[in-house]
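Take a look at these structures.
Shared chain: chain A. Partners: chain B in the first complex, chain C in the second.
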Partner chain A sequence: MATMLRVFLLLLSLLSITAPAFSLYEDQVGLADWHQKYIGKVKDAVFHTQKTGRKRVVVSTEENVIASLDLRHGEIFWRHVLGPNDAIDGIDIAMSKYVITLSSEGSILRAWNLPDGQMVWESFLQGPYSSKSSLLVPASLRVDKDNVILAFGKGCIHAISAIHGDTLWKKDLEADSFEIQYMIQASDSDVIHLVGFVGSSEFDSYTFDAKSGELLKHDSAAIPGGYSGQAALVSSNTLVVMDSAGSTVTTISFHDGKVTFNQTPVSTLIEDFVGKAIILASKLEGLFSVKTGTLTLFVRATVEGKLEVVNKVDYATAVSDLLAISEDRQAFAFVHSRSNDIDLTVKLGADWNHDLLKESVKMDQERGSVKKVFINNYIRTDRSHGFRALIVMEDHSLLLVQQGAIVWSREDALASVIDVKTSELPVEKKGVSVAKVEETLFEWLQGHVLKLKGTLMLASPDDMAAIQALRLKASGKSKMTRDHNGFRKLLIVLTKAGKIFALHTGDGRIIWSRLLNSLRQSATCEAPTGLNLFPWHVPHHHALDENPSVLVVSRCGPSDDALGLLSFVDTYTGKELSSASLDHSVVQVIPLPFMDSTEQRLHLLIDASGQAHLYPKTSYALSIFRSELSNVYWYSVEVETGIIKGYALKEKASDNYSFDTRSIWSIVFPSESEKIIKSSTRKSNEVVHTQAKVIADQDAMFKYISKNLLFVATVAPKASGDMGSSTPEESWLIVYLIDTITGRILQRMTHHGAQGPVEAVVSENWVIYHYFNLRAHRYEMSVIEIYDQSRADNKDVWKLILGKHNLTSPVSSYSRPEVMTRSQSYFFTHSVKSIAVTSTAKGITSKQLLIGTVGDQVLALDKRFLDPRRSVNPTQAEKEEGIIPLTDSLPIIPQSYVTHALKVEGLRGIETVPAKLESTTLIFAYGVDLFFTRFAPSRTYDSLTEDFSYALLLLTIVALVAAIFITWILSEKKELRDKWR
Partner chain B sequence: MASIARWRPALLILLLQFFLLVRSPVLAISPGSVDGYTINGRIKIPVAKGFGAPVKISNVKVILNGGQNVTFLRPDGYFSFHNVPAGTHLIEVSATGYFFSPVRVDVSARFPGKVQAALTENRRGLTELVLEPLREEYYYEIREPFSIMSLVKSPMGLMIGFMLVVVFLMPKLMENMDPEEMKRAQEEMRNQGIPSLSNFLQPAAAAATARSG
Partner chain C sequence: MDKGKAIMGSGRRWAVDFSDNSLAPSSRDIPDPPGFSRGSQEQDDSTVTKQKKDAEANWKAQKAWEVAQAPFKNLLMMGFMMWMAGNTVHLFSIGITFSALWQPLSALQGVGKVFEPYKDNKVDLLAPKLVFIALNLGAMILGVWKLNTLGLLPTHASDWVSSLPPAQEVEYSGGGIAFH
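After this line comes the complex of A and B, so read on.
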């Protein structure tokens, strides 16, 4: 019997090794997963509508994406995500078939084929300095039948052939701090003007012959009063700037080699002017806009340099560039956002009094104010001009407005996710179904006919799609209530735009979205940035009528010492319950395992000066916290100085809710040999099922399980730069396992000839980290498992009976248990962007690593491949336990990519959330794209698979019942015959 | 050329490969400006014969040093990295549906123009920087075509099969038995009083008749 069992176990383990745990049939795509494509906040847009055929708009975004969008529906035709250091500075369309992009501070110029996005050519522009860059595609300029593209970057101007990307000519301006403002082609001539500034006081203008590259003229003049910020171009030879004090407008005209200045104080334009005024960068004809506080002024500049205010607006305003609508007429648009709607006005050139178009569009308040507008025209059937406007809103969303209505909109804030938390959905109330599906009898019949067609293999592809949709609907995965398996949840997503979204895990649709008022730019808070989300209020089982809420922590600027902001958001409705501007900064937020009387989670906020502040500020919370004060510790990792410090709290008399901290330990890394590049801890909500690990020969090992385990990786300072910059001899990687309560270093290990970047994940009693091995020139992954030796002799039954064991002694950081670590390293093929580990409800299911590869895919890798007990020839007993023979590299099985054939472009993070079903974990991967799926690390052992055939089961039961009756009748008859005999 | 490339990328690559075989091998590393070198290379993707749609060349990315630089392919499959400092670098290729080995490229300051490239997966050296996929990747399980055997092998099938055996084959076996022996066996069974289905149902039936009568 025992051998039988062993054989069975062996078979089972072999089976589970060979077959990847995650595998999907092609027709199952989209049943449990969804994928959404985004582009990010649009920086620049170029329309392409001249020709018949598909109308499109090409956009570049702050996520370094270049994309071609369908102008009719807003869908993506094609899209490319450039590298993280390859920010796009300018885009344009050349020869109406290539999209030209200038990126990497003006050093890379690429041409993309407009219909399909294939890169056609790439040019590398070199120059001695780094500077602002600018791109100009002159409409009518040709050199030897070749269209010319002019690009300024790195202090040089380049003329590039549009057909094959060769440099036609190049000119070094020999001015190392020249900051270009505009590159202007004088109307229908081959003369190019470059205007810009050197420092904050000198104006420079260069004039080139675009055909030969000859420098025709160079003018330079000091600006009286200096210059600040942006400049507006009002004609091809007039520039308007604001002086450094922000109180005088300087008009610079550069004409025929003369540079003249004309100064007008802002106070003459507007009576009660105080503070600083800003000129908005624009390229209009005889017009520019000045922003003073909340007011936006439109100012007309005449040829003589006179300025007059033509309009004052009290709302946020965006102005488009000039658009040529016919041979000699140009139009521009500006958009105001008022409280509930936006006004789009299109005006003709310098003619302020005449409106070409004036429209008002209802706008969702959650989109904030208008940030950018791009316009395009079309000819209506009555030969008049129609206009469409592409509008970028404060929440990074992109809208197309045409004929007074929003044609389409894209929620592109979701391309910049900062943090994700999940929230349970409301429980289904009896009698009232939240997602009530109204179905008529006809629809019901239709559905059944379709299904019948499908089973009889008569369905067309359209019908199949309809059946799939019906199946999805029937599975109820997008219902707004909690389900038995815990698959349906809300993903609460915080984005860079300061907008919070709630996405349904079933189909990824947006349930609600909220632009947080506290995260909007204001006078008191210049650049608010969101930091983290924390579950604030999670009602327990008996208080389900209460809505859960999340805490949004943000701060007023990019630096650590900026003041903090808190906001509390209801996760069912998205309502901002309350918000608070803090009088201290937020460096670290520690969620405490305590609740106050209203079930609000206690949080400790650490500010830059090392003070700790308790939230919520209630007396009950304080009383709980006081009693636990001596048990609260925290630590900080100071990367710059290379110090890790541990702190405890002490009471402060003056303010009740803030506490002083005292340093209790510190680890100082020698700065000449070690530099911290990564620190990582266990997820605080991770569940561990058992501390003991039974190994092959009926033996047990005890895992060292501590919530206070910190993994730190340091590298040699020489090797901290880019790859390829250091030799194996001068680089090393040292990893530490540190107990954060006592500062005890549990393990220190050195990898010689290794270098970062390091990605790491800590779970249960192990750490897995990924780094680069310079000697082998391959990536490696290492695992460290840590075991508690002080419990190792608890295996004796007699000791257990006699009570001579220490199993009941609490796990504490104060006791210094003997630990034993085991480690092993393997090669891994790809670069890694992020590593996560699956988490399940009870922690029984075996773990799989989720590796975000450089190709933006997520690979699931069984933890058993990273087991330090692997050996080349495992014994029979070890094989039965499921130990895989040692190989030097980790396998990559294509079927175990959880993202299957999809890519999560610009992957930044992977979040795992346990479902209620023990076998299953929910995976959310985010970057420029979003991807969600359900994943069973050890297959769905606790539920039937989706393709389980209920029909066959029913058929079998019916057949069995029928058989029972037939045999009964037969036997009756036989018995009767026997009796007659 | 661009329009041809749009429609027939695979064909074009093949054509180009042919031409390039005739031509001298392409220079992989060329000295650039003072601060860096240029790495030129080519990706060769065979015409897809196996699963799925052929990979679009426009969706292939070439990644230097784990994301430091990212570049795309030209229609002819060429790529280049500019301004690369001397040292040892790693090039990775991301193409959905294909597995590429990362390539180690040595950019030498002393011998500009010298090519030193090797696949890190199998340590094979490359004389020129032409990268080919090691294998195709298919991300889905292949569904077994419907067969009677799979139905029979499923638990339900086995149940039905067993039942059929009991119902139809067992009586046949009984018939083939020697009548003498059969009688003896029946006798034995009666004596042992194994409750048969009919026996089990008889009292209930009797009770029913009694009630109706």
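After this line comes the complex of A and C, so read on.
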């Protein structure tokens, strides 16, 4: 059997050498893969002005995307994903033809062409400090026939020409802690006001001549009561701020060089006020809004500094900025969400009593509350004003509301995926109707006849189109049941918005989505953040009718000691089965390899104080865990201190489900020479087929396969900064392979003159990592393979035949097996965002690396290119084994891009899931975009291709049978004739 | 084929035996004609038939030896083909090796049939049969040897460990960098 397999694999590898392409044909695109484009949570939106005519909106998002969306359908016209460190601070439209963006804390100003999104110019603004930034595009300000853009950033104000991006003038404010709040153009004059704060107690106002850049005035005054960081501009010379206690509103007017303050306690605006009030930032004429608890107040501020409440709204509310609808009229909108509806109200800026528009829109509860609203107007045919509102919801989705209905919606939470897990679909049951996607026999036959026509080149162009449509539809691929090959699954996706999605692998559609209650902001939990997903309940064999569920681990707030939250979600229905607020923090979750009687997996949660907590909290789980207690360990990699510690668990008297931990080993890296930048382990669910590797001359090497292998990379602290911050002499990269049970360092290797960032992947008995070689000025990839020398003398065939060996008996790390490592390095052209490796059901199929390149594509690279046994002149036997002659750099074969022509913008992670079919692995790459495909590292050797023509096969068989009959009859006749002769 | 067989004597469709050698009067009721003596005729013919039979036996023995040695030529040809096929596993070498294994095997199965035409009381077929078997076994050994050189026989440790699953680990550990 084994030898047959070898023959087979050998044949296979020979085949794959001769034809290295795993590429697709053009017409196969979209058959097994799908790609979805997102933009992320919208931060700011600018509508095209009437002049430009086209119905589009330009948005900037928290994922650093700038995009132009079609207002009719919500499609993306164009989109640019700026880098992860290039956050967009301001966006506006200049001269009705350029989109201006200010990003990277006010240091990069770019102009994009409005219709097609091409970059027109880019200016780098330099300044001495880092500070908040602000962008102002005055409509009517001209300097020498040139439109001016004012940008504040890094402590400097810059005037930039809108046409070619040149700096017209620049002024350093010489105030290093000035935090700008608003940049205001005084009505139709060339005077610019900059208002902001220094620290939390000083108000500063600067006045500039926009044409010359001359500083006209600088006023500074201490604010009584301090400043909490929230401010709203009420008019061009009045600002309201909340004091640091959140109980008093201060009105600041800065008129003609005089700064006057006027304080009003919140309690005079609203009775029985307790807690903290927040001012919602907006630019309204004479109005601002204050949020206290669940109430939202609209407050009018008069010129004298008096405040009066005009309205109270009982729900969470979002307020838009002012929109000029005609020369002297301005409107604004506010939206609040009630249980199942959202109410959109548009009012004239000056007149509270008159509603321009009041609409109520049915809203899915899974979208949460309204977070932001942007409005735009249009002239109806009867010359009246119509309004459309772009609404950002709590779940980061973007909606366009017009005429009381949702015109379109985008699920942009999917641009910020945190974690992905897969879940099997329900088993197909008899009587369950799946007729929607099922086809009749006639249709099936028709389809195959069409395909046959295609194969025999008889098809007309119409037929070809029909064939392509059929293939794309691929009848079964979007069914809601398990398939034989395991291609159909649910991708359970946790997003930053706290929303969980289930995507179908067949076509990427959303099966269900759920905004988790436990992940929503509440009184007990200020800023809940999702951390991870774990498969909680995976029913096997005998309990297939039960629904699987996932565990969502999250915590209240960004700090380590914030309390943890658990919620359990049914993966078929998306129902939140239960949730629990924990009384301890969660810094690590360790899924244990034990199941309880209901097939729930045991999990160990480690809190910030190093205690371990067992879940589920059942006595049965406890009894299982107790019996294994002495064999369960955990370790922590502390990046800040440079220490890796290993712990064992021990019983605690007071609490049954909590365990004390005791440190058993630690590795301390000297902080002056080493800094941890990467750690990586094997995927816990990886399946390895065999422990031996057969090499040339029928020799065998035993792989060191351990789940407790940790790869750690450290660099010189000097070299941990950006590229080019250190010389090759003072930078080095040291990699370690550590056994996490005993703390034994299995291998330590130094790369001199190398620096991070390091990306690494550990699988089976090897590690592959990617880093930068400063000496060669190139990226490199290295491979380390580990072999178990203590098993190497198991060479007696008879013992092996009779099974008298201990190769499969359980091993302990304390037996300290002798290991041998081999490694090799290669140059690699690209910098890398993420590395993953294919995984298959039984682990027989050879592996390929999946490299997320800097161009946001996924490149498949055969593991055979990263084999330490490669040499310049491999022997015949080695060649037969499939060893590729050594080259100094790894080849990049354009056909082996898994993402073919597509880009997964902002690529952050690649997830691989085995299909049931051994040859195939499912790949899910996520970033701002999502991409899913099927991939066969050694081709689909165990199945026929999708477009295999069954009709042709059938036809051939029929023809052959007919031929047999005819020849048989003929031969009978001939024989008879011969006999009569 | 049919004609050939008829001459060889084994595949006759029908035959009349003229040399009825029984001394007893014919079984029929009709008595022998007067002056007819069975014995004398027998006496008369015996020398001729004996000679004839000896010749036939000789001829059969000779033929049997020829048949027995036939695999030798095969062996040589097989060896040549194997040498030509080389030591790498591909369709050609596998085909040749398997035919080299199959041919002797099928020949050995049909050993009785091959020597049936030469079956005679006076011919000793044992020696040719043994030679035939030995030669075929030789061919088979050649095939097995070839199989081994191709690396298709599980004679190495690597063949027995290549499908051994990884050993279970006693300890379990998890963890890593804390969530942030």
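Just so we're on the same page, the second predicted complex is superposed on the first by the 907 of 981 C-alpha atoms of A that agree within 3 Å, B and C clash if a C-alpha of one lies under 4 Å from a C-alpha of the other, contacts with A are read in each partner's own complex, and residues count from 1 in each chain.
Note that in this section contacts are C-beta pairs under 8 Å (C-beta built on N, C-alpha and C of every residue); 3 or more make two chains touch, one makes a residue touch a chain.
Quick caveat, the model's predicted, so the values are computed rather than measured.
Judged by the touch definition given at the top, the superposed model places A:Gly199 against neither chain B nor chain C. Contact with chain B, but none with chain C, is seen for A:Leu24 once the two complexes are overlaid on the shared chain. Contacts of A:Gly404 after superposition: neither chain B nor chain C is touched. Looking at the shared chain after the overlay, A:Ser706 reaches chain C, while chain B stays out of its contact range. In the superposed model, A:Gln698 makes contact with chain C only, not with chain B. Residues of chain C that touch chain A in their complex: 88-90, 94, 151-180. Residues of chain A touching chain C in their complex: 1-3, 5-7, 10-11, 14, 531-532, 555, 558, 560, 586-588, 590-593, 604, 606, 628, 631-639, 646, 679, 681, 684, 688-692, 694-695, 698-700, 702-703, 705-708, 710, 740-741, 794-797, 800-801, 807-814, 880.
Partner chain B is touched in their complex by these residues of chain A: 23-27, 29, 78, 80, 82-86, 97-98, 107-108, 110, 113, 115-122, 124, 126, 722-726, 757, 772, 774, 776-779, 829-831, 833, 854-856, 889, 892, 894-895, 897, 900-901, 903, 952-953, 955-956, 959-960, 963, 966-968, 971-972, 975. On the chain B side of its complex with chain A, the touching residues are 2, 5-6, 9, 32-33, 38, 52, 56-58, 61, 63, 65-75, 80, 82-85, 87-90, 92, 94-97, 99, 101-102, 104, 107, 120-121, 137-141, 143, 151, 154, 156, 159-160, 163, 167, 196-198, 201.
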